[in-house]
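One chain, chain A, appears in both complexes that follow, with chain B as partner in the first and chain C in the second.
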Partner chain A sequence: MDFDALLLARLQFAFTVGFHIIFPSFTIGLASYLAVLEGLWLATGREHFKNLYLFWVKIFALSFGMGVVSGVVMSYQFGTNWSVFSAQAGSVIGPLLAYEVLTAFFLEASFLGVMLFGWKRVGPGLHFFSTCMVAIGTLMSAFWILAANSWMQTPAGFTFAPDGTMVATDFWEVVFNPSQPSRFAHMVLAAYLTTAMVVAGASAYTLLKGRALTEGRTALRMAILMMAIVAPLQVLVGHESGLVAHAHQPAKIAAMEGWWEDRQSQPSILFAWPDEAAETNHFELAAPDTSSFLFDTPPTETLRGLKSFPEEDRPPVAIVFWSFRVMVGIGLIMVALGLWGAFVWATGRLDGASLYFRALVLAGPSGFIAVLAGWIAAEVGRQPYVVYGVLRTADAVSPVAAGTVAASLLFFLIVYAVVFTAGALYILRLMAAGPESDEPAPRSKQPPGTPLGAALKEA
Partner chain B sequence: MFGIELALIWAVLIAVAVFLYVALDGFDLGVGILFPFAKDARERDQMQAAIAPVWDGNETWLVLGGGGLFAAFPKAYAALMPALYIPIILMLLALIFRGVAFEFRHQGRATGKRWWTIAFSGGSLVATAAQGLVLGGFVQGVALDKGAFAGGPFDWLTPFSLLVAASLVAGYALLGAAWLVYKTQGALFDRARRWVMQLSVIVAVAMAGVSLATLGIDPRVTARWGVSMTSIDWPVFLQLAPLPLVAAGLCFFLWRGAETRNHLLPYGLSVALFAVGYLGLAISLWPYIVPFAMTPGEAAAADNALALMLWGALPMLPIILAYTAYVYWLFRAKVGDDAAYH
Partner chain C sequence: MPPIIEGPPEAGEARPPLRTRLGWFIALWIAGAISVAAAAYTLRALIL
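Entry: the complex of A and B
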């Protein structure tokens, strides 16, 4: 296989899976949020929960549709572009994907129909049940796909058959491989946070515009609650996931941290420009000797640097190093926004906190960037292997000509650009309009968000 | 021995999944193909409303077909997907357009709605044609070397695969028209009945053409049916002759039966017609999962993988079929004139 076809196949997979993950990371959280909203509406009978449900379900339908069609692509790309991987690892990883279809995809797709079109045909209890089934389906789907991906990161419970293909020796070990529990938790929390940031941003926007105040205030409080609890929790889970990677994928951790030398005590690097040719960092800004604290290692244990791995076994350093920092940076911003929100809420100043609202609008899409950066760090960090330490990416690619892959990549770029632009436009349009509300339209022509404008609307 | 049986069970299960895909997503793709023949935007809204609650579940059978082939027969999946690379990618891209169009048509304003209407219809047509090219490319066999694809990027493009693609478009359109007879009323219902009558003739011709062309694909197919261009081996052919006769009968009833009072009957007859064609194809290709190169036993995943999946599929498939049936029952009513979105 020539180099170009390999690179193109990798670009195509990275692009299609990167495009795809945007939607599940939103709809996993949004499905659970919708279930909570409908449950609260049924329990309290308060109309603004229903208004919020009807608003977010439209955005859910758009996002879920884009997630479905980009997901169907993924189930065929293993074969079209990575046929050697499929043939080699199919007996181990295939059942996990089959279980995803059987336990999650049909559940989501069937009950989505009831959720979107069944209002007049089923009672509220059954409609709520359908929403819950969709929400459970999204979580089960995440479980299986994270099991499959984590097995590629930390393969376990398998051996080689006489024909050279991989076969499972223990499917329990395959599914619950070393990195699966922490990475599944990390992804679900990431999805919940992504949704919380979008809900917070959209609610803050309509509040600034002085529309649907009851709905906006309720949604904003729910989002702040989620942020304040889940963002700090995510830091701990992410750290746990890092410890697992440290134990099983030391080269990935060395690239994430930007460590080149073997040392008993490594620095925590805040900023640097990793130079793979010179095997060093430029412009390094670091807190020295903090690694034993972060990784909880005894001071006598050596922490491996990249130089101790043969060059052909190292992942691309700069991409992993920087995408990891983007993810962590955004995570810390979310923690700060959660604490800020909790503080103004606790001190009773939340409804007029226009500076905070503006910050939330700005941070609305931050979850998507963090999810993408995190996945880039995880997947590029796994290189040069597709199954870590077992099967190299270069040996896994399909026997398809570079020109064919290049042409299909071009078409994917065009089609996804059109679909994404239109989808984003329609979603933003819905968000700008905000939820339907029973309250009278605002009378004020005052600029939104000013104390006077807010006071006039209250009147 | 147990392993070969497991592989056979999975071959049957995947064949059933693919057939369910064809029978179900076939009608909603067919409705998209018929979009340009609708009278106005209101009729198109009704046509889309007749499939909107169920299309997503229908398409999931395609994921089960692809994912199931990967999981149960990784070697067949690894051999076929690179060989059929271009039509597969074409199908996926077309499915993207028509999938998002369900929601986007309702969100777009005037220009947007017009564009997504074209995307829905064009996407349905191209996805169907691409599936026909995949089927044609599959039936005529792929060039393999030690189990890996060893041919060119356009090997699938032959007069045979083009004939299959055109026939599948007609076939899905028939399923779509028959579904509309079941789901609509008034002027659209009358139009759908005419479509069924016209398409039953076209599909009859197309099926005869594909059947004859398939006989020329490989000597093994010719021998199985006992029919070649120059002679007929009557004892062999007579055993299988009921199949084309039943197909001809079904086409006749579809042509006549579009007048019937039972509005679900045309769809039932269309599915039966597809079942006969599917069975004929299975007889032609038996026992290969990659035609004339790989049997299920040769392509199968490890026994423990097949067994584990069977333990999952045995309880899950009936549950899936049950709630799928429930959703269909829930949305059994005919689409009204006020076909509106959720």
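Entry: the complex of A and C
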């Protein structure tokens, strides 16, 4: 492997975006959750909604701060490492990123000040308005970022100027390019699920420790409701996103599915070891002839395998194949956890379901892993193009020396390791402490709902 | 030391007049934007 400027620039972007995506995928859902909590507190006056708000808003502030810093750094790389891409596609993609910055600045960042420091100073109405603005801001930011990223996946509404650069011919076609609606929905649902998993895990942990029981039970029920509804919905939206990719990026789908040959009916491969050199899969475990059903294609339509694409037009297969399976596997675990939670809740056994609580604590970070795996599948699957079918990644890199990119990559590695490790550890410490509660301190370390816990509570 | 992130006013606690509340709202809104702008420009100065 040759560590030239191209590979180092790709590594740098992958590293910084990999860190960055963790934070917005959490704060998008958390901002909406905070708006719901504050709205419920205003509507009902129940203290545990306020206590939950004050607990999660601290975690939101930390995550938001780290998201801003990592996001700002990332956008500068368009100029430093990807200047040819910026020059070629800047007039199309630049406005989308500018709108994202505007919404992030004037809705998220600005109203965050009121949200954090203004509750006593501005009163409940203006404070709730600010929380809603932050929540709307996170969603609008996601909309514009997904518009830009989806345009790179399925470019539309542009032409080439005489100097060879891309210029927009229809702004709304650029924004609502073929993959934007399904990918935006997929990302927002992923963010909501990520937040639900974290809230469920943290609530289950405090319940297992016997702390803040009212707050923990309320938050856990809200998270289960979200999981039980959104996780199955996410499967459908993800499938829709796959259909769009199948129509516009057949090489990506062939890599995700591990298809090598052109066939009228492809298998659905559950497990395999793709061998790119031999152009085949080893140890394949597959359900044969199921692709027509999954991709809603007529049985006579040929589904393309990787061999029908020139080698230089194929994405790296193994990483796309496996990251896709990690995402889908975690998604199915979320569906199962949502249904399990709904079942024990419906049968009145939720408060004593210590096994379920332990499963939720284990699954707490699963949303982040699924989001990362999904993004790897989507972005590596777009290779070897930076703008699919239009501009190759190798042609988009800046004319910079490898040493320069290596130095900045090393700088990022060190700074991110220190700053984000400290931030993540502090967030974990906050989560472990749980929300402030008006309840008396626990008298038992037994999980609530267990026979011993119940007996001690009654004593 | 009072908490940095304050909760809502307690029941019965006197609320500042509307003019003061709106003043704080605008001041905090601008302070939020300036804080992030400062972070962005500092990072740009360090990187570019």
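Simple rule for what comes next: the second predicted complex is superposed on the first by the 443 of 459 C-alpha atoms of A that agree within 3 Å, B and C clash if a C-alpha of one lies under 4 Å from a C-alpha of the other, contacts with A are read in each partner's own complex, and residues count from 1 in each chain.
Criterion: a residue touches a chain if its C-beta (ideal position, glycine included) is under 8 Å from a C-beta of that chain, and two chains touch if they have at least 3 such contacts.
None of these values were measured; they are calculated from a predicted model.
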Contacts of A:P124 with chain B and chain C, given as first, second, both or neither: second
First (chain B), second (chain C), both or neither touched by A:F78: first
First, second, both or neither for A:F283, with chain B first and chain C second: neither
First (chain B), second (chain C), both or neither touched by A:A98: first
Touching partner for A:G423 - first (chain B), second (chain C), both, neither: first
Touching partner for A:V167 - first (chain B), second (chain C), both, neither: first
Which superposed partner A:S110 touches (first chain B, second chain C, both, neither): both
Partner chain in contact with A:A401 - chain B first, chain C second, else both or neither: first
Touched chain A residues, chain B compared with chain C: B
Touching both chain C and chain B, counted on chain A across the two superposed complexes: 57, 61, 68-69, 72-73, 76, 79-80, 105-106, 109-114, 116-119, 121-122, 408
Chain A-touching residues of chain B, taken from the complex the two chains share: 52-54, 56-57, 59-60, 62-64, 66-72, 74-75, 77-82, 85-86, 88-89, 92-93, 95-97, 99-100, 102-104, 107-108, 112, 116, 147-150, 153, 301-302, 304-305, 308-309, 312-313, 316-317, 320, 323-324, 327, 330-331, 342
Chain A residues within the chain C interface of the complex: 41, 50, 54, 57-58, 61, 68-69, 72-73, 76, 79-80, 104-106, 109-114, 116-124, 126-127, 130, 408
Chain B partner contacts - residues on chain A that touch it in the complex: 57, 61-62, 65-66, 68-73, 75-76, 78-80, 83-84, 86-87, 89-92, 94-95, 97-103, 105-107, 109-114, 116-119, 121-122, 161, 165, 167-168, 171, 398-401, 403-404, 408, 411-412, 415-416, 419, 422-423, 426, 429-430
List of chain C residues in touch with chain A within their complex: 4-9, 13, 15-16, 20-22, 24-25, 28-33, 35-37, 39-40, 43-44, 47-48
